[in-house]
Structures are given as structure tokens and as C-alpha cells.
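Below: a set of structures, written as C-alpha cells.
Presented sequentially are two complexes of chain A, the first with chain B as partner and the second with chain C.
Take a look at the complex of A and B:
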């Protein structure tokens, strides 16, 4: 059975949305149901998976029956999954397994997060930190500091500079300019990044992804052609873990679970990184995109910045990464992030991505990770 | 394939635990792994499902990789599920489907909640309320008020009295006296209940389940006999939803999803309520236990209190309900609750329940519900 994505939707990601969390969620549910080419009835949806990170952010819980009621089929079943910033990828993993094992025919996945209404960044940080290892939480280490540890070790080991990291931000902001769904459509230069304040040395404000509000959704089906003539097939999904704490790893310059999850996705799909035409990767911080290149096999160890300087991952390059603008410019409403990656690749592989369309994209890959890579989901799609 | 429970563990449920959330979780993981008769290696666990309600309560998120690291098998996969107070039952539902569809051989399920450290009951209520319909949250209706609406309508319709409700509390506290894991081991009389203050008329303090801290776990296997000579088989699991809001229902005196979920569990198991020897049901409030009797087919509509007065659901009756003490006396650490029901039935059906052992219990049923019954999981077990 070839499981396919038959519809997808995303709200605009915003630095501060006027909508409540449940309104964002409702928009994503209704938008996704309406996005299916040949139409889909709520009666056809037999399972709902909701992706959301924190109820401290979102203020609502037990959203599965609410989504079921919006879908309108009272016998549909639902649940919420959470794996930090990889919640959306995890929802894809669960939905795909429900369909390929015959437990469901059509699954609606929706992800959402409402982050902007926290009174101060201290509150936001406290919630984000809860995704770390208990010992990291106890010592009060925010994620930017944990990624700064990784960045420092990586720069020392491979002679990579702060300017190299800045290139990731410049590229993704350039891409985001072409995406009407992106939260921060602002062209930036290396100088802008270098002049932005340190959040945790060597990582600066412009090395960091955006706190945003947003929601996204998609529907996968065991009979995709029933709902659209141009489904996007899910060729393989991998889910892997690393130690939850950075301090427990033999080499902190690796994000090991990206390699493990991509190996699994490639094994199942009988594809390799060579086959992939477009990628959405989890640029929570600039350093994570460079390491992702290496873990996915786009670049050798320590050569992430090199392939970026060579233009390979630019929008116009051989392997465009984050044509959407990524977490950096499009935004990172946590529960929506991985779900939105599926939506972006659905549009890219159907040739519907407008100004940000990657030419002749036939196969796409998403990499969505949680914490400092404690959970990673990699999926490969084909039109 | 007959999927079986091969081990189970529960911390003592406490009104105020000295332990942090992650310590409760760790105790449950290690206790569950150690509980397997013939032993089980971390290498044998291929999936982990974590059940937790709110990170506002528990302060930690992204716990799946932490549990995987405690299990010690780096290639195990994990995720957290949430369906309000039915999170534990939902975790069972997911784990059982993973095993019966061949996606996993052995799944560890752990549930936890740490609620007692909130500064005031207002904070606790605010978090609990997040499990309601968005419109119920907006108007600020706490769950005790929503159940009070149900109780009032039920009492009016069937001529049931506050004393009838009190009988549930008296029974479950009597049962809890025999359970060393119960949070409140205190014998109470009908007069005690009637004299306790109204929280939301007609529901009083002693009609309400306990805010508690605790964690529980179990392991299910596709090859149960490999791990124990006396597994407890999962004969069927049903999961169903009702409208998330009480106000949307044609008859608020029903908890419709209990009937739907039990019909599904009975259909899969080829069993009926007649076959069941012992039950753990979700007595979030006394009214919910009476309605559960009716939805499960133990009693006709409006006759829940009648069968209780006849002694049928007493510890010594024909169909003992909540020999553990239930949510009322044992406690209700939300993410642990449904998981702890599985543990209790595992012990009951193996004849290991000590002073609270139901004589000759061969088949057991659990009913775990979230919100005002917006999500319900019913499972049937057999030794």
C-alpha cells in the first residue's frame, strides 16, 4: 500500500496572532478538510492526531474530541501526541503507521501552538526548558545555551566561524521573503546577524528561530487517488531518539538521531539523499541546520558550512533546504512545525509553492527534531 | 495473537509527594521493568508510551526520550499521548494497537502526574478546566460544576438523592482502606459525606476525587508467556468520544462514549458485562460511577443507585466496582489514573491484590474517561 497525503493547510505563522489557540486549531481543521481536490467528507475521517507541545503555551488540553466534533464524524477516534518540537513529525509517524497497518483509512493530523501571549521571554524560556533532561531543567539551562555548547564545540572542532552560522540565517530569510505564510519576511545580511545581540555566545538573536503562533494540518489516506489525482506519497518515515541530555553524549557535535531516523526512512523508502530534490530541516538554531546537512548525508562531517558557501542548499542550488524560510523566517509554532513541513513538501511536490517553488521537485525530505535532538523524525515524500 | 500484560507497577498515590514529577516517572519505569516474573531486558522493549495530562502540573515535557534512556535501549521509540483524564487509557489503546498490528513486540506504558505543588486550588482548577470545550473554558466552568449540572439533571430525571451519590463515596473509601497504595485511607459514613461542604451543589467535597501525585506503569507483549507464566490478556479495547462540551448533548444524564467504548471492547473480545468479575471505573465524581454502571450495562437507566444499594457493586457483591478505592480514595494523579487501573486489574486477575483481592476474579474491565466523558477508553482483561 502506498500511503499518500491528499490535502494540507497552514495558517500564516505570526509573531503575534489575534487568534486564540482553539481558533488557530479550528482554522487548521477546516482549512485542511477544504483543501482536498475531490473533496472529503468528515464521515471519511476515522482518526485524528493532534500535535501540540505545551498547555502552558496553548491553554487548552483534551483537544482530540474537539477536533472530532469539528470533523463531524462521531465515531472517529483521536488523541494528542507530544514529543517537544518533534510533536508534528511524531504525529505523522503515528498517522502513517495507523494507515499502513490497516487500523485507519484516512487520518487528519493537525498541529498548533500559541506562544506569543506569554508576559515575558522568561516565561517562554521556562516552558521550552521543560523539554530538556531533568538535570538540565534543574540547573536552568535554556535551549539556546545547550545549542551554544554544541555550536562552540563544533566551531572548535571544525574551524567553523560565526559568519558561517550567519549564512544559514541569511539564506532562510532570503527564502522566507518568497513565502506569504512566513512570520518574518525580512531580508538580512551577514552584518545584520553579526551585529545582533548575543543570546548565548556564540549564538545571537539572528541565529535563533522565531517564537510564533500558528497551526497546520494534513490528511493521509490508504486510497489517495480517491481524493486527488496528484497525491504526495509517504515513502518512508523514521523516528529515533538520542539521550535527552546533551551532557550524556559521546560527541556533542553530532545530532545522532537525525542520522538514525534518516537511515530508517531511507531504508523503508529504498531511496537515498541523492534522490531528494527539496528539504525542510529543523533550523531551531543556525547550528542545527549545518549539523543536519551532515547527519543527512548532504555533506561530510564538518563540511556543512562548505556546501552552503558553495550554494548547494540555496533556493537556486542543487539541494534547496528550507525554501519555506524554515523555523528561522517562516517561524516555529512548536506543535505546528513538523505538520507545516509536511504541508510545505505537499505543495512543493505538487508544483503549488508559488514564488518559492523549487523547480522540478519530485522527491522531498523533512527533518523535525525535539529538544537538542532527543527525538528526531525524518520522512521522505514523492509525487 | 493474544496480547498480554506481563508486568505492572504503581507508586503509592499521595496527597502530597516529596518526589518531583521526573522522580515519580523514574520510579514507575524502574518498578515496572523489575515487576516481570521471568525478567525483561531493556533490549526487549521496542516502544514506550508516556501518559501525562499537563505540563503546567508536571513541569516536564518531552519525556519519551528520557524514558527510553532509562530503559537503556537506544533504538526504542517513544512518544507521549494526552486525552485529559483518559490519557492512561489512550496509552493502553495505542500500545495494544502497536502490538496487535505487529509494529512492536513489547511496549512499556508509563503514566504520571504531579499536582499537589500548585500554590492554590484556583491554579489546579484552571489547569483542569483546559480539558473542557473552548466555550466552557471561556465562561470559566470548572469540572465540578459541569458534573454538578449532570448530577442535578440525573437526580431530577430519576428521583435519585444526594444520599444515593454519597453511597458511592462510602463504598470506595471502604475499599481504599484495604489498599496500601491509596492516598486517602479513611473510612467515611453517609453523614460525613452529607456534612461535607458543597463544592458545586449538589456535589460536595466527598463526592469529588482526589488531587494526588503518583505514577504507574505496565508492559504488554506479543509473546506474554515468554515473560511470565501468568499473563493477563487484553481481550479488547474500545475508545470513543462524545461532544467535548456538556452543553452540546441531547441528554446530559448519559455518558454516551462509555456505552460506545464498552460496546467496541465487548465486540472485539466476544465477551459481555455478564462475564466480568471485577471493575475499575472512573469515579471522578460520585455521579460518574452511577452513570457508568448504566452505560456499561450493569444497571438499567436510572438504576445505578439501586444496584449499589442492593450491594451488587460492593467489594463483597456480585460485581465489585473499584476494589482499589477508585479515584475517590486511591486517588487521581491524572496521567497515571488509567495506567494504574491496568495495574490493579493485572494484580486482581493474578490473585495478587492482597487484602483487596476479589475472590476468583477471572475477567476484569476498566473504564477511564476524560473531561465530562468527551473521551472514554474501556478495556476487558482475562487471566
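Take a look at the complex of A and C:
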């Protein structure tokens, strides 16, 4: 059975949305339902999955019945998934398996996060910190620090510089300029990144993804052609875990679960990284995109920055990464992030991505990770 | 058991519930056991991968944490920057902090005879000392001067916002220029210096800012609307910065001297000065060295933050407020 994505939607990601969390969620549900080419009735939706990280941001819980009521089929079933920043990817993994197993024909996945209610980024970091290893929480290590530990070890091991990391931010902001859904559409230079204040040395403000409000959705189906002539097929999804504690890992410079999840996705799909034309990866911090290149097999160990310098992952390169602008420029409304990656690849593989359309994109890959790679979902799509 | 620091980061953004800056590291012992550790911010700028140390357990109200304490105690000279340091109270503070072992940066408008004398006295104590020309009312001048201090002495641990001027007259005769000139030097100057210096203090693990206010800022004084307003303003600045900068390990304290035996105080008409001294429980002028000793105490006593300490021989409690 070839399971396909038949519709997708995303709100504009915003640094501070006027809309409340349930309004974002409602927009995503209604937008996704009406995005299906041949139309889809609420009666056709068997299952809804809501991806959301923390009710401490939005103040709401128990959203599945709300989404079911918006869909309009009272017998539909639903649940919420939470795997930190990989909640969206996890929702895809669950939805895909529900359809593959025959438990559902059509599944609606929606993800949302309303983060800007928190007074400052410090409080946001406190909420996020809850997704770490217990020892990391108690010691007071926010995610920026955990990624900084990885970055410092990586820089020591491979001689990579802060300027190398800055290249990721510059690239993704350049890409975000072409995306009307991106939260921060502003070109930045290496100098801008280097001048931005350190949050947790050696990572700076501009090495970090954006605190964002937003929602996204997609529908997957066991009978995709019934709903559209141009579905995007899900060829394989892998989900893998690593120890949540950065300090426990044998090699701190690896995000091992990315490699494991991608191996699973490639094995199921009978594809390899060579087949992929466009990628959306989880650039929560600049360092994570460089390591993702290596774990996915785009680059050798320590050569992430090298292939970026060579232009391979630029919008015009051989393997464009994050044409949407990524978490860095498009934004990172946590529960929506992985869901938005699916939406982006749906548009890319259907040739509907507008100014940011990657030429002749036939196969796409998303890598969505939670925590410091404690949970990773990698999915491969084809048109 | 010896532990080795595998990797580390310096966190400059205070996160609740700790609301403090510190370094975080991954340490490994000889058996290969690894731990995530917290490291005191006083080691900012001195950590390196591979450094050896002890890991001790420490109880906190949020849970028991592991703390890494480097074995190598790297001695870094502490540096004090005193604005208006060439003469008067500033000169005495420079000398007193030199006696406490601080390297000294004397900032003033120009390198004149008095600046030279203070610099020589400080150097004779045996510490490093430099003079930097800074016009505190000018942001660019402050940035340039502080950069010079950093390049010559490496850091700033103590900032004493002491630079001040008077342009006394009764309200009806006070020109807008005189009002603005005093505010610009006495209050805006402290703002510029605090803003520029604190960003470096954050990176080096904290420090102390002492704002030299005045009893005039507490009780007012006839003929000194501009000066009193500037010195009251310094108190508000102190209270606010003490709250804002505490998470970064920066304490901010104001002192409110009464009449100190300096050229500035002696310029006050004798009749007014006599009138004030008559009201003082201890009717004499304060010695600049006495003020300097208070500043040294503030620097050394880590419990002092966000307070205004009068040093006035009891004048404040005797002064009628109206």
C-alpha cells in the first residue's frame, strides 16, 4: 500500500501572533481540510492527531475532541502526541502506521504552538528545559547550552569555527526571504551573526532558531488518488531515540538518532540520500544542521561546513536544505514544526512552492528532532 | 577521583528557576563515568577542554547538582575603573582599591597634574595602573575608553561611577544648559558607563558597580536642582540595575556622601556649608579616604546590593526635608 499526503496547510509563522492557540489550531484544521484538490468530507476522516509540545505555552489541553468537532465527524478518534520538538514528526509516524496497519483510511494531523505568551525568552527556555535529561534539568542546562556543549566539542574535534556555524544562519535566512510563510524574512550576513550576543558561548542569538507562533496540518490517505491526482507518497518513515542526556553519549559530536532514523527510512523506502532532491532538516541551532548533513550521509564526519561552503546545500545547490528558511528563518512553533516540514515537502514535490520551488524536485526528506536528538523522525517522500 | 572537562559552555542568559549565569560542562572520570556539571561563573574565560578538577555534589532547593571545581586556580588580576578618578573622592577610591590589590584604570577628562599624581600614587602601591581619557557624557568616548582599559588591563571587575560636576543656582536663574550639563555628566554618564562595562562583566562572570550619589540626592538642596536631580536619578538607576544585573553576578550599590573635603564641596558658599555643618551631629567635613574605605567595603562584601548607603556623619537624619 502506498500511503500518500493529499492535502496540507500552514498558517504564517509569526514571532507574535494576534491569534490565540485554539484559533491557530482551527485555522490549520480548516485550511488543511479545504486544501485537498478533489475535496474531502469530514466524514472521511477516521483519526486526528494533534502535535503540541507544552500546554505551559498555550494554556490548553485535551485538544483532540476539539479537532474532531471541527472535522465534523463525531465518530472520528483522536489523540495528542508529544515528543518535544519532534512531536510533528512523531505525529506523522503514528498517522502513517495507523493507515498502513488498516486502522484508519484517512488521518488528519495538525500541529500548533503559541509560544509568545511567555514574558521573556528566559521563561520559554525554562519550559523547553523540561524536555532534557533529569540531570540536565536539575543542573540548569537550557537547550541552547546543551547544543553549545555539542558545538564546543565539535569545534574542538574538527577545527570548525563560529563563522562556519554562521553560514547556516545566513543560508537559511536567504532562503526564508522567498517564503511568505516565514516569521523572519530578513537577509543577514556572517558579520550580523558574529556581532549578535552570545546566549551560551559559543552559540549566539543568531545561531538559534526563532520563538514562534504557528500551526500546520496535513492529511494522509490509504487511497490518495481518490482525493488528488498528484499526491505526495510517503516512502518511508524512521523513528529513533538516543539517550536524552548529551553527557551520556559515547560521542558527543554525533546526533546518532538522526543516522538511525534515516537508515530506517531509507531501508523501508529502498532509497538513499543520493535519490533525495530537497531536504527540510531541524536547524534548531546552526550546529544541528551541520551535524544533520553528516548523520544523513550528505557529508563525511566533520565535513558539514565544507559542503555548505561548496554550495551543495544552498537553494541553488545539488541538495538544497531548508528552502523554506528552516527553523532559523521560517520559525519553530514546536508542535507545528515537523508538521510544517511535511507541508513544505508536499508543496515542493508538487511544484507548488512558488519562489522557493526547488527545480525538478521529485524526492524529499525531512528530519525532525526533539531535545538534543533524543527523538528523531526522518521521512522520505516522492511525488 | 580526578575528573576531566570534556566540553563546556558559558551560559550568559539567566534561566528560571536559577536566574543566574554559570558555566555548564560535561566531565569524565578515570573510569569513564560522565556527568553534567555546573561551574561557577568566576571561571568564565578561564575554562578549557581537558582541564582537570573535582566534582562535588551540592544541595540546592531545586535538587542536588554536581559542581566541577577546576584544580588549577588561575590567578587573574582584578581591575577597577573609576570615573572622575583623577582628583577628589575618585582619587581616594583609586588609591584605596589599589591597596586592596586591584589594578586601576583612572578615567577623567584629561591627563593633568592631578591625574598624574593619582596615577603615580597608585603605581607606587605596586599595582598596574593606567589613565584613560573619557568624557562620560559621550557614549562613543565611553566605548572607546572602556575598550582601551580592556586592551590594557584585560577586564573590569569594579566600576565606580564617580564623575560629577556642579552648576549651582536657584531654579529661576538656572539655565537649561546648566540643567542638562549636570544631568548629562552625573546621570547619563553613569548610564553610558554601566551599559558598556556591564556587557563585559557578564562575559567575565560578574562585578560590582558603585554609583557615587549624594545626600543631596536623598534630601535635596537649595540651589542644586540639577545636581540633586542627577544624584536622585543615580539612586533609581542603582535600584533598577541591581535588579536587572543580579542574575549576571553584578551587584550595584550607591553611596550618598555628605560634605566631603574636596574642591567641589569647598566651592559651596561658606555660609551654606556652615549652616549644614551646624545641623550635623558630627559637625565636620568627611575625608575622601573615609568614603573610599566604604567603597572598598562594598566591593568586598558580597551581600550588599541595591542599597543606598549614606556616609554623612548623621547629617541625613538631622536635615529638615522642607
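As a working rule, the second predicted complex is superposed on the first by the 383 of 383 C-alpha atoms of A that agree within 3 Å, B and C clash if a C-alpha of one lies under 4 Å from a C-alpha of the other, contacts with A are read in each partner's own complex, and residues count from 1 in each chain.
One rule holds for everything that comes next: contacts are C-beta pairs under 8 Å (C-beta built on N, C-alpha and C of every residue); 3 or more make two chains touch, one makes a residue touch a chain.
The shown structure was predicted, so the numbers you read here are calculated from the model rather than taken from an experiment.
Q: Of the two partner chains, chain B (first) and chain C (second), which one does A:141 touch, if any: first, second, both, or neither?
A: A:141 sits against chain C, while chain B stays out of touch.
Q: Now for A:222: first (chain B), second (chain C), both, or neither, which partner does it touch?
A: A:222 sits against neither chain B nor chain C.
Q: Just checking: does A:357 make contact with chain B only, chain C only, both, or neither of them? Give me first, second, both or neither.
A: In the superposition, A:357 touches no partner, neither chain B nor chain C.
Q: More chain A residues touched by chain B or by chain C?
A: In the superposed model, B touches more residues of chain A.
Q: Does chain B (first) or chain C (second) touch A:116, or do both, or does neither?
A: The answer is neither, since A:116 touches no partner chain.
Q: Tell me the contact category for A:230 with respect to chain B and chain C: first, second, both or neither.
A: In the superposition, A:230 contacts neither chain B nor chain C.
Q: Which partner does A:248 reach: the first (chain B), the second (chain C), both, or neither?
A: Both partners.
Q: Please indicate which partner A:59 is in contact with in the superposed arrangement: first for chain B, second for chain C, both, or neither.
A: In the superposition, A:59 contacts chain B only.
Q: Overlap the chain B and chain C contact sets on chain A and report the shared residues.
A: In chain A, positions 133, 248 sit in both the chain B and chain C interfaces.
Q: Show me the residue ranges of chain A that touch chain C in the complex, using the header's touch definition.
A: Answer in residue numbers: 121-123, 125-126, 129, 133, 135-136, 138-142, 144-145, 148-153, 156, 197-203, 245-248, 252.
Q: What does chain C use to touch chain A in their complex?
A: 6-20, 22, 24-26, 34-38, 49, 62-66, 203
Q: Mind pulling up the chain B residues that touch chain A in the complex?
A: Checking each residue of chain B against chain A gives 20, 22, 53-56, 59-62, 64-66, 68-69, 74-84, 90, 93-94, 97-98, 101-103, 127, 130-134, 137, 239-244, 248, 260, 370-371, 374-375.
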